[in-house]
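One structure below.
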Amino acid sequence: MIFQGCTDLTRETRRKWAGLLFVLPGMLAYLVWTIYPIFNGFYMSLFKWNLNPRIPNEFIGLSNYVKLFQDPQFYVALSNTIKYAVITVPFQLVLGLLVAVLLNRGKKGQTLFRLLYYLPVITSWVVVSVLFQYLFATRGGMINFLLKDVLHLIKTDIKWLAQTSTAMIPIYTLGIWKGIGWTMLIFLAGLQSIPKQLYEAARIDGAGGWKLFAKITMPLLRPTFVFQLVMLTIGGFNVFLSVLIMTGGGPRNSTQVLNTYMFKEAFEYFHFGYGAAIAVVFFIMVFTISQLQRRFLKSDPY
Amino acid sequence: MRMRKALLVLVAILAVGMLLAVEEITFWHTYSTNSGEYNLLTAKIIPEFEKAHPDIKVKETQVNYNDMRQRLIVGTAAGVLGDVIRMDIIWVPQFAEIEMLVPVDIVFAEDFAKVKDGFLPGPLSTCEWKGHYYGLPLDTNTQVLLWNRKLFEEVGLSEGPKTMDEFIKYAKLLTKDKNGDGQNDQWGYADGGLGPWNTIPWIYSFGGHILDSTNQKAEGFVNSEGSIRALQTVKDLFESGFVADTIIGGGGIGTFEGYAENIYSMILAGPWAWPIIRGQYPDAEINAVVFPAGDGGSRSVVGGENIVITETSEHKAASWEFVKYMTSHEVQKAFVEVSQMPVLKSLVEDQVIIEHPYFHVFMQQLTTAVARSPHPGWNQINDIMDQAWQDVIVADYGVKESLDYAVELIERVLAEYR
Amino acid sequence: MSKLKRIITNLIIYILLVLGAVIMCFPFYYMIVTSLKESAYIFTVPPQLIPEPATLNNYVSVWTKADFKLYFWNSVKITIPAVLLNVFLSSLTAYGFARFRFPAKELWFSILIATLAVPGLLLTIPQFDMVRRVKFLMDNPFTIILTSGIGSVAFNAFFLRGFFEGIPIELEEAAELDGCNAFRTYWKVALPMARPALATLVILSFLGVWDDYFWPSLILRERSQWTLPIGILGFRAQHSVQWHLLFAGTMIAILPVLVIYITFQKYFVKTVAEGGLKL
């Protein structure tokens, strides 16, 4: 008995060290490469930071944050970003899951379909943003052409990107369109890891289509689902290039999001300390949300 | 034996010394590869400079235009910048303000005093901040009014408008609904935006302003009589439907394509319009006049690049030699052939300009052109002005309110830098 | 009756999938079509859906005159090692978190995940500052391999950890009883079992590195070092964009990504089969 206990103890210690060794290279590299710059960013936000390293920076403590919380443009950017995440994430998840399920049935043509649905993912943001700008152009754009001249659903061209009421729509569309293939891909991988015999056993017990989906697929996909939810939310908050290229934050600042606002303040106005403060607040927010998501939806597969 | 050895050592030292004595300066530019400018630079300009200055070697680094600003920012923070940079004129005050550019009027005072008056005033003014000059103009441009002869003749006109009144009259005549679907498909005027780059010709030709001549005041200038009238006029033209939608953004047929395809009768364009339009429509006819004159005369906006030396450079004197060379009469003249407009007064009436298919009208316009206020806060001022015009034209705010509000915001920006 | 219902259901599903695929691909189709046009036909109204005249000139000129051959190989030389490094490092890290217990494990993991929430824009400045201090690292493709390999460890580890945890542990325990040390267990048992996840990772990682633009453009300043994304965006000049060339370049750049995708998505065939005890 005691002998057995001794071996177990050593095994525990051995495994502890093994575990540390496994994670150390990645963590260390990451520490240097990402975590140090993040602290640098925190630090920057406490100063009226001058881009020129040879000019001393003026310490202003939390002034940047005080200014930020009184800035109406910040709140516009914040609400736009949240709206973007709230609208694009569910669509990507649901549509991606739908397509993944449909393409997991072993039917003909699957490989081709998987490829076609994946194509949007592999095009660069810069290129597709410009492309969508053309598609949603007021005159001569494909979308208006289809809606007006082909389907006769509207009478006059919609000024998609030129009016504050509709400017975000092309941006949402682009975000969803580009993300479906990605979520599909990951759901496919998740679906593939569900052992077939679980379905067979349930079928023998008399369960059919929907029940299989609800009782087996969904619960087993939970870890994947939570993972995707967190990643897509983070990605949604990080929306940047599409807004920068399609509208530049306009018209009249109505499409400003946190990243474009930070970019403008830091890179165009040279308010680097202020930009860093925006980044810090952004980070705290996204981190909190993702932690909450993980906690409340903690996976419990078996 | 020992003498021989000593001699060899001496020669070796001298050789190394000579190698070290060759300074290498890096020149950052945004000429696109495969362009005429780039080929000229690498095939002729730099080799000839190096021949004339055997102790200086120039290494040119091409930076994609859309990245240059990022490269400069990241480079400044890390202390890694080229020695000489071809920099967009509106960035100069901002980088001067953070002490990244060499004030050439101080450091190379004697030389500067000699060359200063050779430059066109508009371009030269873009190098100035707080009383000092942080580089020299390299190339310039402005925008003029292109008019479509075919569309003009269809309504009985034969020449581009000379005055604002003519412009307004023509714009009305030239706007048509050709296919009867209730929407205009031919417009009198089209432009791509409402920022100062597009609207300064309007503002200043109406006698308005943005900042005062010392670039320190906005009150009474941004919201001056002329500024108000300019904005009101453009709004009225837009409301009447004579201006294409592209002016409020939202994409659509670009100004150049629309001009060539006989959809837009008049547009604003810079000298790059010619190669671009002809690239797609080799037989296009392009006609240009200076911007229609209002109460302020015919004023347009100055664009272009300056050539600057960075404070982090360890070869400032050598860099200055290169800068002087690039702004010399011969080199400026050579660049005319690859469609880079010169910044020297001495070339305004030179044969090469007069015989140039289209530079003449630009040089004419340049004599009265206005620079976007050289101020480190220009990016903010630009966005405020853009927003003010959008508020009026897109969102129907009152003209005076909009401009008064813009004054308030701009004064705050100016205060930041006092 | 049931058979008819099944046929109708399948048909509806099929139609929906096709409709969806058309929507997914249409922008793509537009890009291909534009890449086959001569520059004069890019902006006709209404947009030309079938190129006439169609030409392959853009591809030829992009590959030969615009140095795309060079950029292509530069991209390949960077991306393949970077992906290998990335997958290896990420799977090591993920396995460590999945299978072992060590002090402050969840804290470490939370920190790792936290970094995903940081907007990458501002990180560039301190990162560049770090790199430029080491002369060897500037203008060196090796730097990109290193930073790309490290850069997405957090995301990938997060992704893989779930997969490793979902694999039944019996096989690994059996291997340990057979005398394998932790690393061998990882290498010989766990990795092969995680094939669908690893395949996905290769696809995503390849895409991320292949398409990376901003960071490489800062580090690889010499034209001879440029990668494809830098080359492609070179067609955006100051006053105009050469769309036909830009899209031709984009199409060339997309090909390897497609090849990787098609190759690796085969691994989505179930390997965790009947009970998972078959090897």
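As written, the chains take the letters A, B and C, and residue 1 is the first residue of each chain.
In this section, a contact is a pair of C-beta atoms (placed from the backbone, for glycine too) under 8 Å apart; a residue touches a chain by one contact, two chains touch by 3 or more.
Predicted model only: the values in this text are computed from it and were never measured.
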{"item": "Partner chains shared by chain A and chain B (touch criterion as defined above)", "value": "C"}
{"item": "Of all other chains, the one whose Cα centre sits farthest from chain A", "value": "B"}
{"item": "A-C or B-C - the one linked by more C-beta pairs in contact", "value": "A-C"}
{"item": "Length of the line joining the C-alpha centres of chain B and chain C, rounded to whole Å", "value": "39"}
{"item": "CA centroid of chain A to CA centroid of chain C, Å", "value": "16"}
{"item": "Residues of chain A touching at least two other chains", "value": "139-140, 267"}
{"item": "Set of chain B residues in contact with two or more other chains", "value": "70, 73, 77-79, 253"}
{"item": "Multi-partner residues of chain C (each touching 2 or more other chains)", "value": "43, 45, 125, 233"}
{"item": "Residue ranges of chain A in contact with chain B within the complex", "value": "50-55, 133-134, 136-141, 156-157, 159-164, 247, 250-253, 264, 267-270"}
{"item": "Partner chain A, residues of chain C touching it in the complex", "value": "10, 13, 16-17, 20-21, 23-28, 30-31, 43, 45-47, 89-90, 92-93, 95-97, 99-103, 105, 108, 110-123, 125-127, 130, 147, 150-151, 153-155, 157-159, 162-163, 165-167, 181-183, 186, 196-197, 199-200, 203-204, 207, 211, 213, 229, 232-233, 241, 246-247, 250, 254, 257-258, 261-262, 265, 268-270, 272-276"}
{"item": "Contacting residues of chain C [partner chain B, same complex]", "value": "39-40, 42-43, 45, 65-66, 124-125, 128-129, 132, 138, 214, 217-218, 221, 223, 230, 233-234, 236-240"}
{"item": "Residues on chain B engaged by chain A in the complex (per definition of touch)", "value": "69-70, 73, 76-79, 94, 98-100, 182-183, 244-246, 248-253, 311, 376-377, 379-380, 383, 387, 390-391, 394-395"}
{"item": "Complex contact set, residues of chain A against chain C", "value": "12, 15-23, 25-27, 29-30, 32-38, 40-41, 44, 99, 102-103, 107, 111, 113-124, 126-128, 130-132, 135, 139-140, 142, 145, 149, 177, 180-181, 185-186, 188-189, 192-193, 195-197, 223-224, 227, 230-231, 234, 237-238, 240, 258-259, 262-263, 266-267, 275-276, 279, 282-283, 286-287, 290-291, 294, 299, 301"}
